[in-house]
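Paired with chain B in one complex and with chain C in the other, chain A is shared by the two complexes that follow.
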Partner chain A sequence: MSMDRRKFLKITGLSLAGLTIQPAFRLFSKPEQKRWAMVINLNACSKKDGCRDCIDACHRLHNVPDLANPKDEVKWIWNAPFERVFGGQGYTTLNEVLKNRSVLVLCNHCENPPCVKVCPTKATWKREDGIVMMDYHRCIGCRYCMAACPYGARSFNWKDPRPSINEINMDFPTRMKGVVEKCNFCEERLAKNLLPACVEACKEKGLIFGDLNATDSDVRKILKSKFSILRKPHLGTEPKVYYIL
Partner chain B sequence: MLEKALHGARRYWGWIALLLLIVIAGFISYLVQLREGLGITGMSRDVSWGLYIANFTFLVGVAASAVMVVLPYYLHNYKQFGKITVLGEFLAVSAVIMSIMFIFVDLGQPSRVFNVIFYPSPSSLLFWDMIVLTVYLILNLLIGWYTLDAEHKEEPVPAWVKPLIILSIPWAISIHTVTAFIYSGLGARAFWLTALLAPRFLASAFASGPALLIIICIIIKKVTRFDPGKEAIQKVAQIVTYAMLINVFFLMVEFFTVYYSKIPEHIAHSDYLLFGLEGHMTLVPYMWVSIILMFISLILLINPGTRKNENILVTACLMVFLSIWIDKGLNLLIPGFTPSPLNEIFKYRPTLPEVLITLGIYAIGFLILTILFKIAIEMKLLAKKQDS
Partner chain C sequence: MHDTVKVITGITIFLILILFPLWYNGLTGKAAYVPELKVPVTEKQCVESTPYMKTRHMELLDKWKEVAVRQGVRTYVAKDGKIHTIGLTGTCIKCHSDKEGFCDKCHNYAGVKPHCWDCHNYPRVTAK
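The block that comes next holds the complex of A and B.
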């Protein structure tokens, strides 16, 4: 918790004012802190078999290279079998429908992100709104964060990605070889009050995005009414990507 | 003192030339890696650390093991180690340099390595590892150099070196503990998530490092006029024996916990290592070779008859070294990544450039070791001549 003098004075000043005139305090303080989250509704999501709308939208927008070789692959959001995402060796019997279903996976923007803790250069950090960010210019490419992420959400640029980008989007930076990257919850779109690209691209409305702290947000409403599951909750990372079966 | 490294027989220069050749091959491969990226290695999205980090881990152990000759000599005044303590310290110096180089070649953006200092992150174990390794390197360089110098001038070791020597003892433990913590603090990787990892690292280090020291001492005895002393070598052999016993015990304890608790997430990694998983058997032969070598070496080391025979002892030490290099190198690293968080199995196989870079770093290490040992031995021989 670092706090410079200015910030300290501002906060104490505001708190003192707040003691006497509550409404004024409300006016000056920051609006309620946002906490971004995503809900993936697997029922809606797998209606169309082999649908890649969200993946393509994300990868196109963010200049994610298309490397055929799985060894060098970079991916921000992708599909994997339910069994592998949620169970591994844990399930011996599993509902046939679920078992064969493919599940969308991406960075969980964990509340307690192990990737942030291990980064020796603070190239990975968590914003106040919960988005786990990457600074491609500070990353030294040690890949400690890849070892620490329990979800395999991070990719490394084993090669120069630029020649493998089909069509470069000039509005988003490309990366260089030797750095790590991952989903950023479309923070550049959130800043413009737009929904993440994958959410917008999904015609089945299988992806729901919003502020977990706002009682009236779509994510809060759906999480209140439906049963949801998380990936590896026992690790205490508190993922902010929820799944509805 | 450095000039001592500049005189030598043909055999000495032949050895240096051979090492330089390997260094050049490694360096050229590194230039290719710099241009092309780490994609030229066998590493992948799923197995994101490989041969480099495996050797880094192993060599930190070799570096830490110097404490096994420093401690008896300085704390218990065990005089027999007088001749080899400096050798142990110099072995530590070259091992630390190698391990730092292994981290360096593993970086995707090596030109940014100073970001670790510009943006220090105390929550990252990698940050601490860098600090403890650097300090340990400086400690051993200073201690080794000034004790030799004192010996040369036939003066007592300068007073300020003494506290450094004492400090180097816990520091040696710390470098290997921090290295173990790099792995054992990760909830993501069940294979490494064990509190026994640091003690296991220390036990295996105290077996493999001194085993290497014995091998080197016996080589030195053969090719130079310097004799490290039979008694000293036997004492180090005892240290290797005890450390190896503890190491094997720890390994069995780990497997007991995994297989008795039967937690699938934990079993998967050990299965991949010991028996193969979903038909993938890559590491299985290596692991069993390692286990068999561990037990044979133990028989040879425990039995006084075989241990006291220096030829058999060297063989046993080679077995110790090789078995731990396998067990604590790739066989510690790869099962941590396999199966991946999405329960997939990706086969890692080091590529030729990766192997050449690795050999190149070892060659640099041996070059440093040769030069430091050459100086040390010449000085010691000189001191002896003046005595008589």
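The block that comes next holds the complex of A and C.
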């Protein structure tokens, strides 16, 4: 193939002009998509032993039933032993204080949520802002999502939850027997520019919430200054709940 | 044939029996029964016009649940330009607070059993 000087310059010029497309596109497209994330600072969290402020705030707001039998239990956010949360991740030689701690857990709103992949009705899906949502209208109770979630973040309603809710919050629906439920990152509060209820309820400021895409957000700032770990990062789910030990 | 009378009598009795619901309801005036609904007094007009709401409220609610949960759209612009917050308890039940006297009455009459109330709250639930 032969190419004269003129043709070569033309093609080069065109290729260079192509480079301007992306910046121009970005200039006219909508602002950066939000990517909600949470940081749990265990140093702050474990200050007051036995504190349940965040859990109570969430469960009260979202009409999560209080079922005594652990087999029927429904939970959106709860405390679990360190071993159960980070076990099998090579932290066996960690100091005793840490190992005996209980760790706050909730749905990780994974970037690659396995629960979403298996749902046959699209009752659970990932929103554009990264929140892994539940549409209780569509849930058929097959519990595939519960089997797929590596973090046990989901609960099933074996019974009608209503009789076990102490005081029903009229502004949030309850669930019914036969559906799966979990944390929704308080999407109904985010829509009103409010922080999640658990974050707001924590007096120790142990929970930090914000937009991962915004460089000046609280989560970005703390993640930049402190070392954080994730739950089961080797699975590739990319959790958006970070832990500072 | 000699059985004409018997056959005709038989057919007549059969027709009377099978058409029982029609003539019974007609004679007793039950066919004309329309459930009397307890309409709220606080507002004159629902989200859309009454005839629209009467026949198509289920379609509207179906659309509401779809856009609110799946697209995060929380407001609805009515045909008259008014903006309403999407929500069964917060918006519908705010005015139609007597669910038994309004929703249930018509649903029972029409023989439909919507599942809305399995999860969505209405005043009776809190009162227990």
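Structure notes:
The definition used in the following text is that the second predicted complex is superposed on the first by the 209 of 245 C-alpha atoms of A that agree within 3 Å, B and C clash if a C-alpha of one lies under 4 Å from a C-alpha of the other, contacts with A are read in each partner's own complex, and residues count from 1 in each chain.
Keep this in mind: a residue touches a chain if its C-beta (ideal position, glycine included) is under 8 Å from a C-beta of that chain, and two chains touch if they have at least 3 such contacts.
Owing to the predicted nature of the structure, the values given are computational and were not obtained by experimental measurement.
Touch criterion not met for A:Asp53: it reaches neither chain B nor chain C.
In the superposition on chain A, A:Glu238 makes contact with neither chain B nor chain C. By the touch criterion defined above, A:Asp218 lies against neither chain B nor chain C after alignment on the C-alpha atoms of chain A. Contacts of A:Arg127 after superposition: chain C is touched, whereas chain B is not reached. The larger set of touched chain A residues comes from B, when the choice is between chain B and chain C. Contacts of A:Ala148 after superposition on the shared chain: chain B is touched, whereas chain C is not.
In the superposition on chain A, A:Lys117 makes contact with chain B only, while chain C stays out of contact range.
Once chain A of one complex is fitted onto chain A of the other, the partner contacts of A:Glu200 are absent, as it touches neither chain B nor chain C.
For the contact definition in use here, the residues of chain A common to its chain B contact set and its chain C contact set are 176. Residues 36-39, 43-46, 48-49, 103, 106-110, 112-113, 115-116, 118-119, 121, 123-127, 130, 182, 186-189, 264-265, 267-268, 336-337, 339-344, 346 of chain B are the ones touching chain A in the complex.
The touching residues of chain A, counted against chain B in their complex, run 70-74, 80, 83-85, 87-90, 105, 114, 117-123, 138-144, 146-152, 155-160, 176-180, 235-237. Residue ranges of chain C in contact with chain A, taken from their complex: 65, 69-70, 72, 74, 89-90, 115, 118-121, 123, 125-126.
The residues of chain A lying in touch with chain C in their complex are 125, 127, 133, 135-137, 162, 167-168, 170-171, 173-176, 187, 191.
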